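Pasting the structures here.
In what follows, chain A forms one complex with chain B and a second complex with chain C.
Moving on to the complex of A and B:
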C-alpha cells in the first residue's frame, strides 16, 4: 500500500514538472488567466454584496461568512486543477481521436493517469489565490475560533475534493457513450458554481437531493462550517461518509465505462 | 435571399444531431432553478425582502433570464474567431455571400432549435414551481415582450459579431472575449435584476446598451415598465449604431486580413 502510494507520489512529481514546463511556454497567457480569474471572483463577491445590501443573513450566514464559502470553492477548484480537473476537460478529445488508448496500456490507474497527464498550475491559479485571501479575510472577521478548526478545515477540504473527483468521474463517464463532452463539462462547472450558496438554504426534499445525490450543499458549506464553528458532529461524520461513497461510486462507474471504450484510431 | 434560406435549413439539420443536449438542458436548468428557489425562499422566509420584488417575481425573473440567455445571446463569435484565425475566412472572400448576413443566418437557425429546447424546459420547470411563476395581465405586455426579444436578438448578434471582428487585430482574442462576455452578462441583468444594484451601478447600467438584452424584456414582462415605447426608440438607435460599427469593423478587418494558414 505504502509502496504504491510512494510510486504515485513519484509519478505525480514527474508529471507536475512536465506540465509546469508546458505551462511556462505560454507565460503571457498565465497572466491573462490570473487576471480573468480574479475578475470572475470579484463578480461573485459583488453579486453577494448586492444581495447582502438588502438582507443581513442568508440562512444564518453573514456576508463575511459567505466570503469564506466563495473562497472555499476557489481553493477546492485549484486543488482539482492540480490533480484531475483538466484531464476530464480533455477526455472528450482523447476518446474522439482514439488517444485514450495511451491511458489504457500504461501500468497506472487510468482515472489517475488522465488527471496527472493534464495537471494545470495556471488554469485556476488566480481563483485559488483569491480563495485563500477570501478565507483569510473571512477568518479575521470571525468572533470566536479555536485551534481545532484548522485541521478540520483541511480535512473537509480534502473530503470535498474527493466528492468533486467522484462526481466528475460519474458525469464524465457518460462521454464514453455520447462522445460529445461539452455539455458534461458545463454540468460540472455549474456544480461548483452553485456550491457557493450555503447548504443550509435547502429544506425537505431539496436537502436530501443536494446532500446525497448532487452534493452542492456540502462542497463549500462543510469546510466553511467547520471554520465558522457551526458544524455539528453528526453532519461532519455524514459528510465524510458521503465523500467516501462518492469516491467509490465514481471509481465503480468509471471502471464500468472504460469497458465500453472502443478505440477510434484503429 | 434563397441562399440564406437553404443555409438556414442546413444549419438547422446540423443542430438536430445534438438531441442529447436537450436532456442535459432540462436536467441542468431544472436543478439550477431549484437551487435559486431554495436560495431566495431562505432569504424571504426570514422576513426579509429584496428591493420591490416578490418571491414569485424573482423566480419568474430567473426562469425568463434562462430562456433569454439561450434565445438572445449569440455565440457565433467562437466560430467567427476560429474562421478568421485558421484562414478559412479566405473562402468567404471568393463566395457571393455577405459575411455579416451569413453569420446572422447561422445564428438565427441555431437559436431556433435552442429556443424550442428552452421553451420546453421552461414549460416543464414552470409546472413544477407554478406557485412561483407570474404571468402578464395584458396582451399588450406580451406583445411588447416579444418585440423586445426580437430586437434583443439583433442587438446581441451585432455585439457578438463585433467581438468576433476583433480577431483581425488581436489573435489572442479568447480570454478577452470571456471578459467582455462576463461584463455584458453582468450589465445585462443576467446575474441579478439591475434595480437591486447600488445606485452608482444602476446609473452606469442605464447608460450602457447591455440592459436591453435581459433586464429590459423581463421588466416589460413583469409589468415594471409603464410605457416601453421611448425605450424601444433608444434600443433601435443602439441597433443602428452597432450595425454601422459591425460594417466598419468588417471592411477595415478585411483590409488587415493576412490569410493565415491559407
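Moving on to the complex of A and C:
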C-alpha cells in the first residue's frame, strides 16, 4: 500500500515537471488565463457585495463567510486542475481518435494516468491563488475560530476533491458509450458553478439532490463550513461517507466502462 | 522453445450503427438506428515462440490491428482465449504491462511539444527502470537507431521517419520481452522504411525479443520475417514460412525478354500471358510447370537477345490470395 502510494507520488512528480515544461512553451497563454480567472472571481465577489448590501446573511452565511466559500471553490478547482480535471476534458478526444490506447497499455491505473498526463498547472492558477487570498481575507475578518479548524479544513478539502473526482469518473465514463464528451463537461462545470452558493440555500428536494445525487453542493460548502465553525458533527461524518462512496462508485463505474472501449481503427 | 504468445479461437465483434447520408439521415438516426455487427475476428488461433519475429499480413480491415489490440489489453475479446508471457492480456496486470510494448505507426505516444528525451525519462519512471539499466539501454538504443542528434529536438519538428525511430526507442527502453508493431513503416518513404525494418531486425537479433509485426507492405514482411500469418476477413488463411507461401500460391513465373531485332510481338500469347510488350521488350507470365518448355521454345522461335526468369512479386501473390 505504502509502496504503491510512493510510486504514484514519484509518478506525479515526474508528470508534474513534464506538464510544466509543456505549459511553459505557451507562456502567453498563461498570463491571459490568470487575468481571466481573477476577473471571474471579482465578478462573483461584486455580485455578493451587491446582495449583502441588502441583507446581512444568506441562509445564515455572513459576507465574510461567503468570501471564504468563494475562495474555497477556487481552491478546490485549483486542486482538481492539479490532479485530474483537464484529463477528463481531453478524454473525449482521446477516445474519438483512439489515443486512449496508450492509457490502456501502461502499467499505471488509467483513471490516474489520464489526469496526470494533462496536469494543468497554469490553467486555473489565477483562481487558485485568488482562492487562497480570499480564504485568508475572510478568515482574518471572522469573529471566532479555534486551532482545530485548520486540519479539519484540509481534511474536508481532500474529501471534496475525492467527491469531485468520483463524480468526474462517473460522468465521464458515459463517454465510452457515447464518444463525444464536450457537452458532458459543460454539465460538470455547470454544477461546479452552483457550489459557489452555500449548500444551505437549497431546501427540500433540492437539498437532497444537491447533497446525494449530485454532491457538488457540498464540495465547497463543507470545507468552508468547517473553517467558519458552522459544520455540525453529523453532517461532517455524512460528507466523509459521501466522499468515500463517490470515490468507490467512480472507480467501479470507470472499471466497467473501459471494458467497453472500442478504440479507433487504424 | 517456450511459447511467448498463445491464441486460441479468439473472436471479436464490434457493433456499430448505420446512418443514412445527409442531415435528414442524421436527424433520423437520433431516434432510430439500425444496429449492425461486424465480426472482426472469427476465431483465430496461433502460437508464437520466444524470440520469434512473425509478420502479420493482410489488407486493411482484415483484423490485424484488432488482434494486436486484444493481445496488448486495449480491447476485450468477444470470445476465445489468449495468453502472452503467461498473462491474460485484457486483465491488464501491471506485471504484464511492464513486459511488453506496442508501437502504432499512426498513433503518436511521445509528448508532441517536448523533445523525445523528455518522453524517455518519463517512461523510465512509468516502467520503473533503474538508473543504471536505463542509461545503458538509452545509450545502446541511441546508437542502434542513430538518434543522437534528435534527442533534444521537439517531437513535432521531427520528420515521420525520425519520429518513428524515437517512438521505437521509447517503447524499448524498458527492455520488453514482447513487442507489438502495428504498421511501423506506414507513411514513410522507401529509404526510411528500409531503415526502420533494419533496426527492428537488428534489435530482434540482439535481444531475442518476440516481435509480432503487422504491415500491408509485403516488402517489410518479406525482409524481416521467416514466418508469416496471413489474415483476411478475420480468419487466418495462411500460417507458415514466407518461402512456402510463395511456392504454394505463386504458381506462375515472370519471363522478361529483350529482342535483338524489332519484333512485332505477334504470337507471344502461346508462351504465356503477355503482361507488356513493345518492339524490343516483352514481359510474360507463365505457369510454373511449363516454364522450362516455354523458355526453350522462346529461345528457339524468337530473336532473343536476353531472357530472364523471375519469381512473381510477393505482392501479386498476396493479391491473388485476397482476391
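Everything that follows uses one rule, which is that the second predicted complex is superposed on the first by the 264 of 266 C-alpha atoms of A that agree within 3 Å, B and C clash if a C-alpha of one lies under 4 Å from a C-alpha of the other, contacts with A are read in each partner's own complex, and residues count from 1 in each chain.
One rule holds in what follows: a residue touches a chain if its C-beta (ideal position, glycine included) is under 8 Å from a C-beta of that chain, and two chains touch if they have at least 3 such contacts.
Note that this is a predicted model, so its numbers are computed, not measured.
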Chain B versus chain C as contact partner of A:53, first or second or both or neither: first
First (chain B), second (chain C), both or neither touched by A:39: first
Partner chain in contact with A:22 - chain B first, chain C second, else both or neither: second
Winner by number of chain A residues touched, once chain B and chain C are compared: B
Which superposed partner A:106 touches (first chain B, second chain C, both, neither): second
Where chain A meets both chain C and chain B, residue numbers: none
In the complex, chain A residues that touch chain C: 7, 10-11, 14-15, 18, 21-22, 25, 98-99, 101-102, 104-108, 259, 261-263, 265-266
Footprint of chain A on chain C - complex, ascending: 14, 61, 65, 69, 72-76, 92, 94, 97-98, 100-102, 104, 106-109, 111, 113-114, 118, 121-122, 125-128
List of chain A residues in touch with chain B within their complex: 28-29, 32-33, 36, 39-40, 43, 47, 50-51, 53-59, 178, 180, 183-184, 186-187, 190, 194, 197, 200-203, 206, 209-210, 214, 216
Residue numbers on chain B that touch chain A, as the complex places them: 18, 20-21, 24-25, 28, 31-32, 34-35, 38-39, 41-43, 46, 48-51, 172, 175, 178-179, 182, 186, 191-192, 196-198
